[in-house]
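Here is the structure we will look at, set down as structure tokens.
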Amino acid sequence: MIRVRNVCLHYQTVQGTVKAVENVSFDIFDGEILGIAGESGCGKSTLMKGIYGNVEAPLALTQGSIEMEIEQAGERQVIPSTQFHRYWWEHISYIPQASMSVLNPVVRIQDQFFDSYLRADVRALGKQQLQGRIAEYLRELELPVEVLHSYPHQLSGGMRQRVIVALATFVHPRFVLADEPTTALDVVVQRGILTMLVNLQRQLQNTFILVSHDMGVHYQITDRMVIMYAGQVVEIAPTAILFERPRHPYTQLLINSLPRLGDDTQRFGIGGRPPSLLAPPAGCRFAARCHLADDQCRQVQPPLVEVEPGHFAACLKHEWVTEIPLVGGGESA
Amino acid sequence: MAVVRFLAVRLMVYVLVVWIGVTIIFFVPRFVPGNPVEVMMGKLLSQGTTMDPVLVESMRKTLTELFGLEGTLWEQYSSFLSRVILTQDFGPSLSYYPTPVSMLVARALPWSLGLLLTALLTSWLLGNLIGLLAGYYNKKNLSKLIETGAMIVYPIPYYILALLLVILFAYIWPIFPFVFQVSGTPGSWPWIQSVAYNSFLPLVSIVAVSLGWWIISMKAMVIDTKEEDFVQYARSRGVSDHKIMLGYVARTAILPQITVLALSIGGVFGGALITEILFGYPGVGSLIYKAILGSDYNLMLGTISISIVAVATATLVLDLIYPFIDPRIRYK
Amino acid sequence: MRLIKPRLLVGIVIVSIFSVLGLLVPLFAPEDPTAWNTYFRNLPPSAEHIMGTNNLGQDIFWLLTWSIRNSLWIGLGVSAAATVIGVLVGIFSGFVGGITDRVLTLLMDVVIAVPSLPILILISALLGGKSSLWIIAGVLVVFNWPWPGRQARAMALSLREREFINVAGASGENTLKIIVWEILPFMLGWALANFINTILVAISAESGLAIIGLASLKDATLGTMIYWAMQHQALLLEKWLWILSPILSIMLLFIGLFLVSTGWSDYFATRRGRQ
Amino acid sequence: MKKYLAIASLLVLISLLSACAAAPAAESGDAAAAGDEMTFVDTPRRETLILDNLGGTLERPDFFNPYAPGVDMGRGFHEVCLDNLWEINTTTGEQFPSLAAEMPKALNEEYTSFEVKLREGIYWDDGVEFTADDVVYTLQLGLTNDKLPIHGWSIDYLKDVRAVDKYTVVIDTNRSQPRFSKDLGATIWDATRFWPVPKHIWENQDPTTFVAFPPTCIAQYKYSKHDPNGNWTLWELREDWERTAVGMVAGKPGPKYLLWNFVGTEEKRILAMINNDVDILQDITPESMEVLNNRSDAVRAWHAGFPYADFDDPCERGIAFNNSQFPYDQWQVRWALALATDIKNVSLGTFAGMLRVSPLAVPPVAAVQNAYHKPLVERLLAMELPDGYKPFDPTFATAMAEIFNEQGVGGDLPTTEAELIDLFGVGWWKYDVDQAAKLLEEVGFTRNAEGKWLLPDGTPWSIAINAPVDFEVQSGRLAFAVADSWSKFGVDASVNTMTGGSFWNASSTGEYQAGSYWPGCAIGPDIYPNVSFWHQKFIVETGQPAPGNQHRHKSDELARILDELEKVTSDDPRNVELSKDLLMQMALEMHWIPMFGTSKFVPVNETYFTNYPTADNYYEGPWWWWSNFKYIVAQIEPKQ
Amino acid sequence: MSDKFLEIKNVSKIYRIGGLLGQTKIAAVDNVNLALERGKPQVLSIVGESGSGKTTLARMLLHLIQPTHGEILIDGMQTGGQLNGAQLKAFRRRAQPIFQNPFESFSSRKTVDTYLFETARNILGAQTQAAANRAVDEALVNVGLSAERVVGRYPNQFSGGELQRISVARAMIPRPELIVADEPVSMIDASMRMNVVNLFKKLRDDFKVTILYITHDLSTAYYVSDQIAIMYRGSIVESGPSAKVLKTPSHPYTELLLDSVAKIGEKWNEVVRLPDLETKEYGYKGCKFAGRCPYAREVCRQARPPIVTLDEQSQVHCFKPVDYQHPAPVSGS
């Protein structure tokens, strides 16, 4: 498992310190698909960098720790995030946002496969055999083997993303981090890739961490969810429970702002905008946009409390969240 | 079919560029005052020899005829064009009459190519290597030092650098020759040694300046490329550092440098005019200069056209081969 | 991260010193420093002649300031003209497109393919003399506008696809307005860097010509100053102030301009990055 | 292609190697004169006289056809390989027979038929005897080949050429030619149209394109080798040098090897001489002379001390105008400019005062100065402009001496006025800006508030002076110095620095205002051949190339004197008297402004050779680049 | 005048793609017909995945590019071909755009209000500053903003949602009859999307504007639109009232799309087949969807499917509803 404890991740910029992730703690369990959700700028991608142990200037882990617990040579070992890069790809791998630019544009896919693998036993296979293994693996994932001889730009966006998934899972890492893996892809393709991910996870029995802003995606495939807002975790719960009875008004508003097919109820967006991470407000960061907020909310940082077993929420009014009906509008901030 | 169409259009542009360029070189000298007959007359008469006006007149007439400068400009132009197109012959040099232009060019070209290609390739390879290292390890002090050095040398005009080098290494600290004087039989070892020894300062003056440029541009490109997603992703895939540097960063960053290299090779045929003049180097640059001083129309056309054709050809070839250099272009 | 890097600062300082030396100081020259035999020849530096006098009886310091002035004016003039023409033609070509674009692009390609130095030498060699500073400047403009032209065209082409151009169109702005208010602001930073670079090119070309004796030698420029010093064997007679002052001035000025140009581009890039 | 690759691939590697390896070799020039040191062309240094090759790098170093327009006659070719029928003695300005056995004999009173006797026993360097056939063959080249530049002249001049016997040629001309030997023999620098070529080599060749390589020589040296890059040519003394004209006339051959070498720009040339890598330099600036004096004891100029230069070059420099163009068609304007010229300052500015002035249109070389300048001083002093103003000022020489003494450089100068006049000239026009202003105002010029001159129509008056940029330094500098002087007078004067092409084109077409040209040449008392072109019958319209009188000066009086002069022979006493009238008339009309004779700093290095001609050893002028060098070199001796 | 407010007649847009090697023609929009009745303001959604040609269609409607074939009439006014200044102005008074990326819709070097005032002066024809102020103010109030909040600020001082509302305000200034909104909410955070989408309903109801809503998002399309047209590879495969199309899809592709949406409240089950490499399908002789269609038969691969009119308002391009009968040649193709 991966333990995230009191983590602060800050960017140093020209304008000052951007507190992208503030005091975040949670656990990632073995064998689950954990979803992390939130709006753009909520710190979810930064947190992913932290969890992957890829923290470089101007980003810095200013507080807290991230540890990975793995089994190696029959022993359980705890590895701090500063050492993660030694285990990259072997124990922990990463699927970036679907984008044209993450593969080397001037090198064929196959050579990029070759470049990645470090583990001695895989290396020892030799090029010929390795090639066979890769081809086999692609066939397993129902991908055409020809892609190996292509350049990235020759593949469609969906195909590229599936190749990256294959790349990231080829050596069966225990942890796979996927950062918005299907954003900007068409829904049909998105469904294909997500299905592929789920199947892989079932097959490998490893841990997937999925970052997405799309609540629908989370609903479809994640087991447990972490909701982030303005650099902080506001709610953690098993996915089904979260959708059924959210205990943070942000989660609730988020779910309710989404129109559903076949459902004609009037929906409203959340008014206003998230606070600046350069100088976040003193109290609850969502207070300015919250229909439940009172003066206390604006002054006191709500702690993340376990509101029911396995369900955590950081809201002083968490008990009222489902009780008080949502008001229309919020159009003006 | 599309390929054929593309080629046809591209070739047409090529021919147009060359033709217009050559036409400019044909007409500009003829429209500014000065003409080769008078240069020749001046040369023959300036020594104070008897200026028998009758002789002057008859000589002028003969020379005008010999130099093919009779008739209207249009007639001269069309006969020039047909001669060049049909026989690729630029005719005799006027100031070295009747020596053919082709012979003069053939003698000067190896020198310019030798000097400039060497300078270009050396500085390109060295500059890109240094630029790559300096850009890849751009946080290191040495890297900053190199960049500062390159920034100081690069903007200095190469002829100023040439002057300084001559002052420093041929005069104050005379380890290099002041005089371009090749000895030994061409092709022999002492000759090669002497060529190299004599070419060293001109070479350095060109290399130093262009080296600065390659370092600066490569470094900038490497720093940009280093931030690209695919490099970052390669890093997070655990790809080894030198592999990222060579296979990912260098491989991509070098592409625009290849473009500029190709264009520079085109420029090589024009010679490094002022360097050659300052060092008395027997290349095309010196020849162009002499042609201009002597109002030698044919020699100007012969020498400058090479340069025009070379630059145009370089761009053409570049357009044609670029898809093979950069796989992204091919299937777009 | 500081906003203005030391590089830009050094550049600005150097360029400012030269601007003062070239644009202000010459106003105080006691006599026309280009006139010959104004003073005794070959005087050593003194309070009266802080850099001494040369073989022609000119005060080296005042001559240097005049040279810097003229070189700067050539650079500024040529660069301003070339950049303005280039940017306007480039934007026009890119924005209007079609046959106009093709013809203009071909024109730019041709000018770029024709080597400029021989033509410059040809024209200055054959015309020479008084008017040649203008003619050289003119020829330099002719050969230097296509570079910014091509870039401006490329930028116009990509800017044309930006959505705010469409929004401006939908807001009823006409083509001229769009070029001036929507496209130009995005080119200013680049155009300034290009402007400074072209100053380098122009000064460099003029002094190169002067050094081989083909510029307007009666006018004081950094190049002609080197020419006269070389002609009078300042090197071998070890009149260092005479020969080295223009050489070092060119070097320093160029380094300064270059630093400003790259520093400005960087500064601009960071500023953009911030937004 | 191989060659490209060879040069390209080896350059880097080798430069690094040789940077260290070859460096010591470069210093060899410093080594002492003694020993068996070799030159870079593998000849013993002590036996090799090395000359500066003024022509620069040759683009076609293997081309030795003297009749092709693009040939380079320097580098030893006409100096020591070709020979003339009659050569010139520059101390007297008189010709003497070289290939010819004697001066030509006129066969009739009209001077249209001449007999030329050739020396017997002269051989080409391939062992074939030089005979009348060679002379006839060569003269007929011009008559029969219309592609040779001399064709027009030949047709116009020669009526018939025939060999009477093996050593006698008879030449008939179309017109009376009282100065026949000047047309076919060497005068200043060389003849331009007649060098005998070997018939046995040439007869089956096309003379228009024949490269004539290797050259077949008739003087005492033969071709040895040359630099394919065109920087040097080596000549070797013929073993049978006694079978040449020089051998017969001078009885001495000269050094074993002659090497003409071009080393580059001026500073490189003088450094080479400081390093004893060159023995004779041709034309340098006063500053270079200063460097040489500072750095080397072995080097001396024509004069051992100040003013160093030889002032006897047979052309003089000055400012010429297109006299057909307003306002230079007015004598007042030309005279005003002459009087507004601060000649002493111009002299200092041009060549630091190392110049000899001349108020007359012929150069102040010793022979000419004695024949004309000095005898005419009285008439010059008496000369009046139409308003009675006497412009002549005879004090130039003494005034200059005073300046030099003030500057502390005059230590080597003579002290008597006569000697100073020999050195600096008889005097020049007064520097009188008031009189100049008066003349200008007479023709309607005015001055504005800033003292700048305006043309009669009120527009500012500006003069652009044409000047050569990359050759003939003295004329270039003169232009700048004069422009400087005129600017101080309030005329907006500037200099057009021009390359050969445009410089000569402007001169010939008259498309210029003023130019720093050198139309006044002469070497001896018979000046007619050098002044005949001033006749107004040669004037053509501005824009057309002129055959003569490029300055388009119209004067009936000059024409009258010239017509008379044409008819008298060189030795006729009337020749000099008429010439004096001509020169005085020219001065009065101020058809151009003659200023100075040409100064040549002709330094020699005495490390390896001695007995160069110098002011102290004046057996010949220091004209290393003239054809008569073959007679000078015969006198130059190896040291010990 | 026709009774149609908007008519799209046989419109095609053909692009040549590929540079040096292998240039091909691609019909980005392939013979599209569409008409909207006058006097019935409505929201028409055009839904499609990337490469369906929906944006190309939008740009043709906005006179930004010209159709290769066919004609587009808005209010009887031809928008293809060259329009002169007055015609262009008249056209813009009728039709206004809203673009996808709110951050790109305004120059970062100018304050956003300049575009509003330009529109007020140039298109609406406000003669005085006061008139322009009034128009701008009113438009801003209509989208839930105010002049004080907007005037004098640069784009980077607004959130995406706010900018997009300003875009709507700008488009509304001349009181157009048609607004073409190309993916107006895809770049906006989920929590704020409804703020923009709800505006469209408001504009339709309060200002009688017809809105062409171009999107890939079926949920918002269902939520906001009256009519819907599904595009696939340049053609409209199905069109009709949105509720009908999305609740009872007739075209297999519509079915696939609906299946693939990551819905909340309903999990995926079966595995779907993912599309082939993209560009191949443009060249299909028959139905372009045949390669992926589970119902495809031989006839689908050989011939273009017919237009089948399902009811008054609904049409579908498919063989399936007519039981794979080879149709009579379709006119206009």
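Odds and ends about this structure:
Going in written order, the chains are labelled A, B, C, D and E, and every chain counts its residues from 1.
Throughout what follows, a residue touches a chain if its C-beta (ideal position, glycine included) is under 8 Å from a C-beta of that chain, and two chains touch if they have at least 3 such contacts.
Source: prediction; values computed, not measured.
Across all inter-chain contacts, the pair with the most C-beta pairs is B-D. Set against the Cα centre of chain A, the chain with the most distant centre is D.
The distance from the centre of chain B to the centre of chain E, with each centre set as the mean of the Cα atoms, comes to 55 Å.
Per-chain CA centroids place chain D at a distance of 88 Å from chain E.
In terms of their C-alpha centroids, the spacing between chain C and chain D amounts to 43 Å. Each chain gets one centre point, the mean of its Cα atoms, and the points for chain B and chain C are 23 Å apart. Residue positions 32-34, 171, 278, 292-293, 295, 331-332 of chain B are each in touch with at least two other chains. Chain B contributes residues 32-44, 46-63, 66, 92-99, 103-104, 107, 109-111, 113-115, 117-118, 121-122, 171, 174-183, 186-187, 192-197, 199-200, 203, 278-280, 282, 286-287, 290, 292-295 to its touches with chain D in the complex. Partner chain B is touched in their complex by these residues of chain C: 7, 106, 109-110, 112-115, 117-119, 121-123, 125-127, 200, 204, 207-208, 211-212, 226, 235-236, 247, 250-251, 254-255, 257-259, 262. Of all residues in chain E, only 49-50, 144-145, 159, 161-162, 189-198, 216, 218-220, 222-224, 246-247, 256-265, 267-268, 271-272, 274-275, 277-278 touch chain A in the complex they form. By the touch rule above, chain C contacts chain D in their complex via residues 35-37, 55-57, 125-130, 132, 212-214, 216-218, 230-233, 235-237. Partner chain A is touched in their complex by these residues of chain B: 228-230, 232-239, 243, 247-248, 251-252, 255, 326-328, 331-332.
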